[in-house]
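The following pair of complexes shares a single chain, subunit A, combined with subunit B in the former and subunit C in the latter.
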Partner chain A sequence: MKPAPFAYERAESVEHVLGLLGEHGDQASVLAGGQSLVPMMNMRQVRPALVVDITRIGGLGAIEPDDGELRVGALVTQFALERHDGLEPAVAECLPYTGHYVTRHRGTVGGSVAHGEPRAELPLLLLTLGGSARVRSVRGARDVPAEELYVGAYQTSLAADELLVHTSWPVAVPGEGRAFAELAQRHGDYTLACAACHLRIADGRILAARVGVGATADRPLLVPEAARELEGSSVGEAAARAAGAAAEAAIEGYDDLHASAAYRRRLAGVLVARAARQAMERARG
Partner chain B sequence: MAEDPVAIEVTVNGAARRDWVTPRLLLSDFLRHRLGLTGTHVGCEHGVCGACTVRVGGRPARACLMFAVQADGEEVQTVEGLAGEHGLTALQRALHEAHGLQCGFCTPGILIAAGDLLERRPNASRAEIEAMLSGQICRCTGYKAIVDAIERVAGA
Partner chain C sequence: MLRVEDEALLRGRGRFLDDLDPVPGAHQAAILRSTHAHARVRRLDVEAARHHPGVTGVLTGAEVQAASRPFPAACDSPIPYYAAAAEVTRFVGEPLAVVVATDRYLAEDALELIEVDYEPLDPVLDPHVATLVTERDFVYGEPDGAFAAAAVTVSGHFRFPAWTGLPMECYAVVADWASGEDRLTAWSNFQGPFTLHSVAAAALQLPGSRLRLITPPHSGGSFGIKSGVFVYVVLLGLASRKLRVPVRWTEDRLEHLAASQAATIRTTDIAGAFAADGELLGVRIDAIDDVGAYVRAPEPATMFRMHSALAGAYRVRNLALRARVVLTNRCPSGLNRGFGGPQHYLPLEGLMALAARRLQIDPLELARRNLVRELPYRTPSGGLYCTGDFAACLDDAERLVRYQDRLRERDRAHAQGRLVGVGLACVVEPSISNMGYVTLVEDEETRARSLPKSGNAEGATLTINPLGGISVQVSTTPQGQGHATVVAQVVADVFGVTPGDVTVVTETDTAQSAWTIASGNYSSRFSGAGVGAVIGAAGAVAEKLRAIAGAQLDADPAEVELRDGQARLRSDPDAAISLRRLAGMAHWNPDGLPTGMDPGLAATVYYSAPEVTPARDNDISASSENGFVVDIAVVEVDRETGRVSVLDYVSVHDAGRLLNPLLAEGQVLGGFAHGFGSAMQERTAYGPGGELLTATLKDYLCPTAADIPDVRTAHRETPSPLTPLGARGLGEGTTMSAPAALHNAVLDALGRDAPVPLPLTPANVWELLR
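This part shows the complex of A and B:
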């Protein structure tokens, strides 16, 4: 299948992109790695009149520490982040699930976050860690917390003229632990369900927790019911199991060719418990 | 906004190629239909099967997920560019010897993707090889012989 005709602009700078999006935002798509956009164009699921290629512009490819966060430029590939020295274990264990060896060489972190695929791993992890995205337009710049990023499947709260320029990933401090868990039918395929957990412990008790699940709704979701089971509990297997059971009871899930809603709920519960167990282990240091 | 053809210059397997392409022309179609390099196989045309994998700028890429216009100024390597004056590469020989192909449709993509893995990870483990191959669909072999062949080069 071939894409519908479109006009192509190779952007030379962020300002150039913002100008093009300011003028044609409603009909334009931003092309970064293209590992999600181009399949959708080939299948005619999207027909942008204008494709703005941002891959040649400088300044969006850095990974740098920034006041307790890791700032990841929009054009950093999933492969480059995977290879980054000292990368947080939860991020490191999430990336190999993101597409395949070859697609990770072009697929970008910013693209994955901005695309809003409801089963995607990076949006779920950004949400669970409490990260954010910096977006710019000719009207200015703003930081969008991950909680406010997703409004539906493939739909974000970004306006048509806004460009995601970097994402910020809070770095764990001593006493904090995070983990990611997933099951897919084949390595690299769309996940049946995935889960992430972020918690803080002191003196054998869990002081604060965030739990997220992916591929159970039209966007990644935080599950406060599961986080409440963890908060105030003693570190241990009972807390992990209670969080998993609470997640299973709280989420709805959906049926498709690969799994029933009931199976997804059950699986999400198992994965939440697995992530919580691992996060506690890491928090203990 | 125009959909007019754009002039591009791409170095393909070491040779400079100039052409005019409409933006919607996929790199896979440019390689096959404009340059006649039919070793780049097209299976699914939406990034799933891996048969069209080539290298662009030293990195592996699905040629069906790139527009030819994006390759302007880049170096592209296809399966035709692997074997040199000394004949087949070690990986090509290993696939032949280990019976790592039957119909051969997936083989060009596997040669490029596995070659890239071995260049970055010369001692890649069997698990790493299998994870990489999950993105390269083969419907004949059951994969064991392909993994054996790649592992033979990794362990050499």
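This part shows the complex of A and C:
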């Protein structure tokens, strides 16, 4: 379990990274926490010709409020975010499912979002909350909404020369509630399915909702069918159940060693209902 | 007493084989492994690999087969087993060639340059259509009569899933072939020498004295799995011989999951004949053991390890067993904690749970009516349950779990629509295996022609140096169990010193250690056989010290006691000589020793357990001792997701006298973790084409500390009259009982009248709820 030969560059600055990515494109891989990249290299599942180590770059490690959003630098570790004061409850309940306590000390938020593992928790939550990623290249900078980020398993819409520099997580305002729910076979495992719900209520009615599910397809998915069941409904158990049933009917799921597609559909439905219940609870304040 | 091993381990100063450099300048090996479950190898072209920079050379499977003999096993197999495949490969991960290079990176680069042309063949994974290696029928009493007389007959089909042991440290070998003298020295984290040193020597066509096997000071766990490293001792030994360099290989996790060693997969059809009052009149077992692609020694032993406990803890004497062993295109099986016990008790205890439902008798009550009552008890198939009180253990477990409260809570939960269940397992736990039990695979005539076998002996050497320091060398090859702690304890007691005064060497060296065909770490044999040898050696040297002291103090040696680092007279504690002085006298002045005494303050003593004899007809005492375990599990099944949560779990043991309660607790909890994993999550899975689906730890789900529920334990210490200190083994019992107890609890929660397939994953359980 040793990697194929590769070259290594320790980047000094974002500009240095962008230059290397501009030059080497898809022959280069960015090393941040390395909790996915390094095992994949060791198993020779990926063979980058050049590894660009960004861990010593300053300026990518901040967590700061930014106009109604929480801006999380690419190098912020999952553990640092987990311990961040006043963290949104949905993010707080999602992070303990992200890998293991040990891997979260090195694994980064930016790395998880950019890696595009279809069962990963942070991409699903970013998608459901309507967040975005800021990417840069020698050609310039742009913000990519989470809806446009994932195109397949381990595939994002980022160009080969682009570097994710931070993610932006919309902060809940009064009347909004978000929640995350998951079932994994073991603590820290890839999930069998996970779900997130984001909604806004007023006067006991749900005005707007977003529902997402993970580990049911090659990327995290929004489930508008489930959101529609919530929107316009009274806050309560009936709405949560209807959202779960709608999600179960809308998604396909897939078979693998650990569960059938039918199980994944049902589980996703159950978790959507659980997340919706919790989100309503939080929205009521 | 705390473990003496922990200081080094907790400070990161453990010395595992990969940390050691026993032969400077060893080259590194990487192994080319089959990507097919069953294929003809039409061409294997290693030329490009051989010429890759840094590559020392390549050893092919064909060269392995030309230079070695097939590994012997207890039964003939239609397919010879070598350390590497040549013309046909029979499981994913089977070695095809070894590349040796100056480092492992270059070796793995070169592996990719080997061209293999496979012609895929149909893989066989279904044991019912697989190649039959052996079939034997055993009948005790009159099972036909029992079934004819039964008021109720209960039956079930059980499959114990494929799983493994998953030590933290994988296999490691450093092999150094001395070419001029045809001698192989191999350092390996093996758990023997056991029978497998002889198996490896036979394959290499070496007299045993020319295969020197040395184990490192520390081992990162085994759970039985490390016994399979002998295959690589041969493979890397042949690579060292061909390439004339010492060769090092440390297995990685991908290799380990694919190709180290599986636990035996058993499929069982079981039936029980019951009287209306619940008396178990007869049991019929039809068992098929899938041992994988080859019969790897000590297989087919899994089938017979529990043979003297065929009816477990129950009095029933009418038994029938049809035992078949088959080959499939999976990784070969071998030792794994519990070895045959989990596979045996899932159907037997599952049958009792099904019968309790059918007869509408409480499971504890049904067990109580059938438990062996008076010990010693000779089982129908030849085992001896020597001492203990099975019913009292059941009572202890009932009290500990607050059984009646649990039943009320279960019924209340059911009324609320929640699925709570309670499950029982009663298990006889054998310890100190009889090497002869595997001969049951032969019919009586064949067996009569071969050497009678009852091997179980262990050896130890104790030495006192000129300054009075005590050293003990054992051959029990611990893999984390804490043998050094217990040896220090018991030796300290013999000599009246503190455990800190005793140095224990647990590295085994077949050229230096006192060992036998049975030496090693398996079948929970340490507390009886291992300690037996240590006590014997300590006793012999202590007797000598007392004799010398008696002569010096002008007293009868029987009057001398060893206490507080001195030899002194019981009648006059002031008449004393320090241990240090006595040792100095023995070393410096042999001439002054009592008349007739041999010089030297050392003894090597071997210990062989009682009640271990060769098989007679179809009877065998497969183990010297048998302990007893009662587990009760309380679980809840999430109706929505199928997830099983353990609400409470108790485990009550009678393992005789506990030599060290801390280690005993560790063994019970570790045994539980292993059994819990096999019941709940773990499985080695192959696709329809024999492709390995659990190739990484992302898919092979071994429970972690965060997933394992609390277990409450209790002990009833009935001393064993068969072992020197009254101890029985207890390292495997909970691995045997936990799958059955958890299965029975889920059965109860779901209210099912047929077995629940393992593992009890959320998706599997949910299928039953649909």
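Convention: the second predicted complex is superposed on the first by the 285 of 285 C-alpha atoms of A that agree within 3 Å, B and C clash if a C-alpha of one lies under 4 Å from a C-alpha of the other, contacts with A are read in each partner's own complex, and residues count from 1 in each chain.
As a working rule, a residue touches a chain if its C-beta (ideal position, glycine included) is under 8 Å from a C-beta of that chain, and two chains touch if they have at least 3 such contacts.
Model, not experiment: these values are computed from the prediction.
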Would you mind checking whether subunit B and subunit C clash or fit side by side on subunit A after the superposition? clash
Identify the partner contact of A:Q35: answer first if only subunit B is touched, second if only subunit C is, both if each is, neither if none is. first
Is A:T103 contacted by the first partner subunit B, the second partner subunit C, both or neither? first
Of the partners subunit B and subunit C, which touch A:V51 in the superposed model: first, second, both, neither? first
Going by the contact rule set out at the top, does A:M1 touch subunit B (first), subunit C (second), both, or neither? both
Name the contact category of A:G188: first (subunit B only), second (subunit C only), both, or neither. both
One more residue to check, A:H24. First (subunit B), second (subunit C), both or neither? first
If you count the residues of subunit A that each partner touches, which comes out higher, subunit B or subunit C? B
Residues on subunit A lying within both footprints (that of subunit B and that of subunit C): 1-5, 43, 186-189
Per the touch rule above, subunit A residues touching subunit C in the complex are 1-5, 43-44, 183, 185-190, 192, 257-260, 263, 266-267, 270
In their shared complex, at which residues does subunit C touch subunit A? 104-105, 108-109, 112, 252-254, 640-643, 681, 685, 693-694, 696, 698-699, 701, 703-704, 706-707, 761-763, 766-767
Subunit A residues within the subunit B interface of the complex: 1-10, 24, 31, 34-35, 38-39, 42-43, 49-51, 53, 55, 96, 99-103, 105-106, 186-189
Residue ranges of subunit B in contact with subunit A within the complex: 1-3, 6, 22-24, 26, 29, 45-48, 50, 53, 59-62, 64-67, 69-70, 113, 116-117, 130-132, 134-136
